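The two complexes that follow have chain A in common; it is paired with chain B in the first and with chain C in the second.
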Partner chain A sequence: MAAEEELKLAKEKHVGYVVELDNKRDQYEYWLTEHLRLNGTYWGLMSVVLLKTPDALDKEGIIRFVMECKHNDGGFGPFPRHDAHLHSTLSAIQILKILNSLDLLTTDEINKTVNFITSLQLPDGSFHGDRFGEVDTRFVYTAINCLKLLDKLSIKVIDKAVEFISKCQNFDGGFGNCPGGESHAAMIFVCVATLAICNRLDIIDKPTLVQWLSERQVTNGGLNGRPEKLPDVCYSWWVLSSLSILNEAQLIDFEKLKNFIYKAQDTINGGIADREGNEVDVFHTYFGLAGLSLMGFDNLLPIDPIYALPTHLTTQYHQN
Partner chain B sequence: MEMDDFSWDDIEPCEISSAGTSGVEICNIQYSDEYKLVMGYLIKLMSLKEYSERALILTDQVIKLVPAHYTIWQYRFDIIKFLKKDILKELEWCERVALENQKNYQIWHYRQLLIELYINNNGKFKPEFEYPLIDTMIGEDNKNYHVWAYRKWLVEKFNLYADQREIFFINEMLTKDIRNNSAWNHRFFIFFNNNNKEITKNLIKQEIEFTKNAIDLAPQNPSPWNYLLGIYENEKFNLNLKDLEPFLLKYSNIEEELNDGKIEPLIISTFSLEILAKIYQLNNLSEKSIKIYNLLADKYDPIRKNYWHYKRDNLISI
Partner chain C sequence: MHGIKRTHLSKDAKLRKLEKDKVKIKTYRSLQDDVLDLKDSLVFDQMALDKTTKLLDLNPEFYTIWNYRRDILINYVLKDKSLEDLKKIISDELLFTMTQLKKFPKCYCIWNHRVWMLSYDKKISNWDIELMTVSKMLDLDSRNFHGWHYRRFIISSMESLIDKDDLYSLVLINLKELSYTSKMINRNISNYSAWHNRSKLVVKLFEQLLNADYTNILQRLEQEKIQNNNNNNIIDEYINNFKLFENLKNFINLEIDLLINAIFTDAEDSSVWVYMRWVLSSKFFYDKLSKDEYLQNLNKMLEKVEELNELEKDDNNGQNNPWCIKTTTLIKELIRKNSNTL
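Our next item is the complex of A and B:
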């Protein structure tokens, strides 16, 4: 095992890993995750973008694929012939934004997308993910973020969404997937980021939440998502972005977290895993890089903790 | 029943490639023959909006191959509704699928849809029907977020706040694993959620006792400390955090450290130390709080030294 001073980010290996994803021969696993394909494309694209090698992937091919996932109702599915869903719709819009191609959507198409999103909001302010009807705070974030990126976020949608989010605040300062749901770092991220977009961070019990978030760092430097759970590289994003939005990221020991992420790398074939010794995947590769970017390490492209996009694309949203 | 029990001559299956409709090979993948065959027919039937027994069989096969393909779940639900199938039998089918694939989280929302449909058609549904499956799934992974969220939905739907069976369940779960944060969260939900009309002084007292006993079993377990603070800092309960001081001193007495530094202070819980610092601050004894934050940063919880310095520096600047 490498001494901590010898650990570093295997940048070229990770670029190579992402590029190779589409060529993966393990077919069962590949179509087992069809329902995540558009999200996976976003994770892969963001990875090479953060690594400052955005041209490593076939941009035209990606855009074509995104458009293949578009439905007539304006929503995007995760893969052709999968129902439209809020989560994949956000990934689609984010990808187009990163590739400077939002203008490929006509005004009419954008209006349809907006309609698809807003039609999924319930009277209590929550959102269905799709017509299957599941409700979850993650879908509020995907909806709000998407509407903001399309410049179509209305006060009416905001007020209702904030009302719902506030009901999801728990006794321990955290947020769950719905009112009373267990506090979980991923849910905290989507709630805090939503409130940031809506300019309503004021409703948060900040001292208690900050305390809860800082407790996620365990002795080996990694972050977990809930008390008494194992640390996982993906929380390098969920926890750190939440703290960043609250301007308290520095409460985390960056050096120790950095080394935890470094140790989770596959320095031979590229990619990052949930923790040292485990198999890599594109999800953890992206979140590991996003965490390192938030901490300012390795000369990565800076990432916006609210919109999960490169900061140069979101400056217009921080004008006030 | 199986695919072979039906005739398929009347339809042409869709071609399954990675490319969608444009025919351009974007993702270069190879599907297995079984998947191609089954999906080909299923996609065709979906596009024809055919809600039939043979379509139902196909959804069963596809769901077993690719359990997270939620479009297929939606299609199956549409078929169930159209054919007016027995919902209790469908819940059984869903249970078999759940047990075959523990990571499948689609099933919980599907069960909600089925139960709501059943209530719509038949009036009453017994929530106890769900307990065996929940018990099994929680037995496999006692912190499974989706299962706990589902149990919470049952409590809401059937008004099971402070229900005897629910209390028995949560006591069992905490006996098996006192460190299970999901269980602690559920406990708070069934007792202290706004929808519980029975939040009495006795209940609050009982829960404080329960929590203190749990802390005594494992003083460095974060969940009961969060639970205790959740009770004490709830404005509606009119409690005083300072009343906890004698209890806290059992797990974190720094007096010797402060007085002559020669005797090793008794610190068996950083959480208790943290609350003690809060109380000292409320009592205008900030130097003691600052001392605690330094102890935590330097000795007892150094991984969070940035946080402890932050708390300390906030006090110093006052």
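Our next item is the complex of A and C:
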């Protein structure tokens, strides 16, 4: 391993890695991950966008693929013929937003998508991920973010969602996946970001939560998602975005975290792993870059910690 | 990918993998197309179910296929069945997911399917067996997020089957859970998931017992002990725990002793310090104490934390333990705030 001062971000390698992702049809793993293809497309697209090389990917091809994933009920699946799900629906809407192509959806289609999302909200304010009903705070975020991007977020939906999220708060200030669930940095991000979209950050026990989040940095600089767990590059996003939303990102040692992310890179073939020495994937590549972007390193495009989109696409949401 | 070591294959090894992948891809894609065709044609029969078993065996993350499997179960397998048959079908389905969970203990889809199957008719599911099963899984990985979530699902399902007026049974379930978290903490004080569960159970038990007839519940616990031939230690533990809830002061004192013991066992473990912050500063606790009692507890803890830091300094060339310093600051701040308002 190179000395720390020699570490740097292998930008071109990462762009190359993302571009090559769709050329791996001769590998078994490519077929086993179809259920994440649309999400993966969002992660890959955001990676090249943050690296300021948006044209590295075929825009028309991506839009065609997104449309192929759309169901008649307005929801999107992660791949043609896969069932519609809130998670892939958010990815679809985010991709169209990034590519400035939301107007490809007709008013009727948008209404259907909105119905698909709102029909998954339960009386207690939570959301089912799809028709077979796993309930999780992750789906509250995907639903609320999606509705906001479509300019269709109503007070009724907000009030119930906030009510549900308030029940997921814990003794340590954090949030779990449902009432009773243990605090987890990814669940904290989805809850804090949802509350930010809904303008209801006031329900958070901020000092307690901020302290807990700031304690996620371990001695090698990486962040973990729960106490006494190993650090992982993806928490560079989940923890740091939550702290950014709460205006407390400075509690993390940026230099140490940057080096932790750098060390997780594959500098030969590109891509970033969960931690040094492990296999890379597009999920960790994106969240590593997103973390670096939040910290202002490497001249990356700035990312919005609430919407997980480039900030120039979200200025309108921050005006009130 | 989470926790998978990076390997750069040699050219030869890469070619060999691609050769093998070619066969695997062919089998997988043909099975996948087959199942998706059946799904599109709304075929709900045994053959289709068996094919989803095969496909999910190859790829348990394929949630669309789990959805289709549920469609088959609802529209065909479970339809118009006798109670005995239903029990058998549910137990087969649980067996299938258990085989899968052994290979993929962190796969959301599998846990989700298990929850769905058990929720199909909560009255006929065997919750005691489920509780034993999840205990075994948590023995293998005591921090498994899914496992703990599943455990709370089992408890809330058991609670949902109890008559609202039957406070004794509700309390007993949660006393048992409190003993379980104590057991997990004693086994490894660094188990934050167990500390978290404890925080939930403590609040829940207090709320349940707010207007309860303590004597009556205690009598029933004693009867339970007699029925269990008088030599059941675990019921003694429930009885002791139950008695603590009669008086919050006793409970807090015991909790503070537990915490002191824990920090002296491992001063670096963050779980204990976070839980301690809650016990010392939460309104839930201090609202139930007089100012004097609260200050007494804070001073006791301050003394112990400072004592621990001195020991830590002796062991670490004069270096302070950051958790001790942080907690000392917090306690001093709490003492200052509460002394001012006397």
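Definition applied: the second predicted complex is superposed on the first by the 318 of 320 C-alpha atoms of A that agree within 3 Å, B and C clash if a C-alpha of one lies under 4 Å from a C-alpha of the other, contacts with A are read in each partner's own complex, and residues count from 1 in each chain.
Following the convention adopted for this analysis, contacts are C-beta pairs under 8 Å (C-beta built on N, C-alpha and C of every residue); 3 or more make two chains touch, one makes a residue touch a chain.
Everything quoted here is computed from the prediction, not taken from an experiment.
Bringing the complexes onto one copy of chain A puts chain B in a clash with chain C. Contacts of A:Arg131 after superposition on the shared chain: both chain B and chain C are touched. Of the two partner chains placed by superposition, chain B and chain C are both touched by A:Arg81. Applying the stated contact rule after C-alpha superposition, one finds that A:Asn170 touches each of chain B and chain C. In the superposed model, A:His35 makes contact with both chain B and chain C.
When chain B and chain C are set side by side, the one touching more residues of chain A is B.
Using the contact criterion defined above for the overlaid structures, shared-chain residue A:Ile268 touches chain C, although it does not reach chain B.
When both complexes are overlaid on chain A, the residue A:Glu279 reaches chain C alone and has no touch with chain B. Once chain A of one complex is fitted onto chain A of the other, the partner contacts of A:Gln217 are limited to chain B, with no touch recorded for chain C.
When the shared chain is aligned, chain B comes close enough to touch A:Phe65, but chain C does not. The residues of chain A shared by its contacts with chain B and with chain C are 27-28, 31-36, 77, 81-83, 85, 130-134, 170-172, 177-178, 180-184, 208, 211-212, 215, 226-229. Interface residues of chain B facing chain A in the complex, by the touch rule stated above, are 19-22, 24, 26-32, 35, 43, 66, 68-71, 73-74, 77, 109, 113, 143, 145, 148-149, 152, 156, 179-182, 185-186, 188-189, 192-193, 221-223, 226-227, 229-230, 233-234, 303-307, 310.
Against chain C, in their complex, chain A makes its touches with residues 26-28, 31-36, 77, 81-83, 85, 130-134, 170-172, 177-178, 180-184, 208, 211-212, 215, 226-229, 232, 266, 268-269, 273-274, 277-281.
Put simply, chain C touches chain A in their complex at residues 1-8, 17-18, 21-22, 24-25, 28-29, 32, 36, 40, 58-59, 61-64, 66-67, 70, 108, 112, 115-116, 143, 145, 148-149, 152, 156, 190, 192-193, 196-197, 199-200, 269-271, 274-275, 277-278, 282.
Contacts from chain A toward chain B in the complex involve residues 22-25, 27-28, 30-37, 61, 64-65, 68-69, 77, 79-83, 85, 130-134, 170-172, 176-178, 180-184, 208, 211-212, 214-215, 217-219, 221, 226-229, 248, 250-253, 256.
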